[in-house]
Amino acid sequence: MSVKIYFFAGLREALGVSSETLALPTDVTSVAALRDHLAARGEPWSALASTRNLRVAVNQQMVGFDTALHAEDEVAFFPPVTGG
Amino acid sequence: MMATHISVSVQEADFDVGIEIAALSAGRDDVGAVASFVGLVRADKLENIKLVNVKVDAQDTVDTVHAMTLEHYPGMTEKSLEAIVAEAATRWSFFGARVIHRVGRLLPGERIVFVAVASAHRGDAFAACEFIMDYLKTRAPFWKKEDTPAGGRWVDARDSDDSAAARWEE
Amino acid sequence: MMATHISVSVQEADFDVGIEIAALSAGRDDVGAVASFVGLVRADKLENIKLVNVKVDAQDTVDTVHAMTLEHYPGMTEKSLEAIVAEAATRWSFFGARVIHRVGRLLPGERIVFVAVASAHRGDAFAACEFIMDYLKTRAPFWKKEDTPAGGRWVDARDSDDSAAARWEE
Amino acid sequence: MSVKIYFFAGLREALGVSSETLALPTDVTSVAALRDHLAARGEPWSALASTRNLRVAVNQQMVGFDTALHAEDEVAFFPPVTGG
């Protein structure tokens, strides 16, 4: 299955990427597994591990990292929001 | 009973406060109260940056003009603001609410956010408006970046606004 | 420290909400928050008068258009509003406040009162604005008269608003 | 001494007068004495006695009825304010 992934703010800048569509390996079935899968790409992707209090949303809802992923999910990683 | 009218916009463009406030009571005679809030970019929020500018003469004040850039999560930001207003509508009685938040590059003195709530009674209008603002300042998916002479710097999430939002918790 | 700028008007004319709000932060970069309130004449406040109108057909709705007339004490009313704002300034920190109250004949849906407070922080702006409104609705020297088919009827002082103002007492 | 007297709202209408300048008898030295002095004129001035919770201001400050009067004072009688 594939998911659409977004990155925002400092994380987006660190990665140099704002979004990508990714076909997931079969063992990547949760948000945490996806984060680790991306971070394992090496620099600059290790920013996903080093971003303090990394937050994640699935289908535009803030969720925990144990959340399961489904085909066509929209996943977004970002630092804590600073508000408006 | 009429449904609460909720309108949320996230946009780069500035907005007309007078028109927005008037729209909430236009054509009706049951609105007794419109409470509203305009948030502006404060220069002193960025004042730490001034320290790196050595002020030699009056001409140098040009160098101390700062700016900030606001990023959001298109789609999720609007949804979260609508959810905030819908939650307010479960706590207080009001006819309509309007939320506008700007994104992109903003200079000190510029309008950044607008919230207005129209109700029969001023107590409901004030409480809902302040409630929406408190949540908006803490939980809505916005990220602030300050322009500095050395480049942009992302602002860390603060705790002070979280306590403002926390007072609404049961 | 700059003195708090207080401006109070009691007038028959309507006012421009957008211009008034913008004026409170014009030319400055230290205002982060402008909380404001617009009060309007509610038709249902005068609804008891509807009972005396026998509604025969659609044409008769013309007869159920009500109005109110507001009288004030020229001089004392302005003084009392300025005193209210000055008291708010001892409780909260704000740069400026604008109060406009209309007098004379007003129809349902018309703006009757406007209060706006400009501060660095939204908490101060909201609290001062609501405080001024609560006192204004109870203690300022205004007298309301409802138009009825049988002539004008002076409105009795109410208790509900007094309790809103009383919550600010120590 | 003389004072300027104002009447507002329902009281003004009942009296048919919005203001007058009055030279006070020497025994009228307080707000209460002024009210009684005016009410003693008979109809419609007895409205000053019958107005529920009659309020008074001297020089645009709300005061009690025991307040002393001075030359050129501005005295205003009115019903309880209904607010804006």
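Per-chain numbering from 1; labels A, B, C and D assigned in written order.
By our rule, a residue touches a chain if its C-beta (ideal position, glycine included) is under 8 Å from a C-beta of that chain, and two chains touch if they have at least 3 such contacts.
Values in this document were obtained by computation on a predicted structure and should not be read as measured data.
Participant: Starting from the mean Cα coordinates of chain B and chain D, work out the distance between those two points in Å.
Facilitator: 50
Participant: Rounded to the nearest whole Å, what is the centre-to-centre distance of chain C and chain D, using the mean of the C-alpha atoms as each centre?
Facilitator: About 27 Å, centre to centre.
Participant: Between chain B and chain C, what is the gap in Å from one C-alpha centre to the other?
Facilitator: 24
Participant: Which chain D residues sit where two or more other chains touch them?
Facilitator: Residue numbers touching two or more other chains: none in chain D.
Participant: Which residues belonging to chain B are in contact with no fewer than two other chains?
Facilitator: Correct list: 39, 137.
Participant: Which category does the touching pattern between chains fall into here: line, ring, star, complete, or other?
Facilitator: line
Participant: According to the definition of touch, which chains form touching pairs?
Facilitator: Touching chain pairs, listed by label, come out as A-B, B-C, C-D.
Participant: Can you list the chain D residues touching chain C in their complex?
Facilitator: Touching chain C from chain D are residues 6, 8-10, 12-13, 53, 57, 60-61, 76, 78-84.
Participant: Any idea which chain B residues touch chain C in the complex?
Facilitator: Residue list for chain B touching chain C: 16-19, 21-22, 25, 27-45, 108-109, 120, 122-123, 125-126, 129-130, 133, 137, 164.
Participant: Of all residues in chain C, which touch chain D in the complex?
Facilitator: 39, 70-71, 73, 75-76, 79, 101, 112-113, 136-145, 154-158, 161
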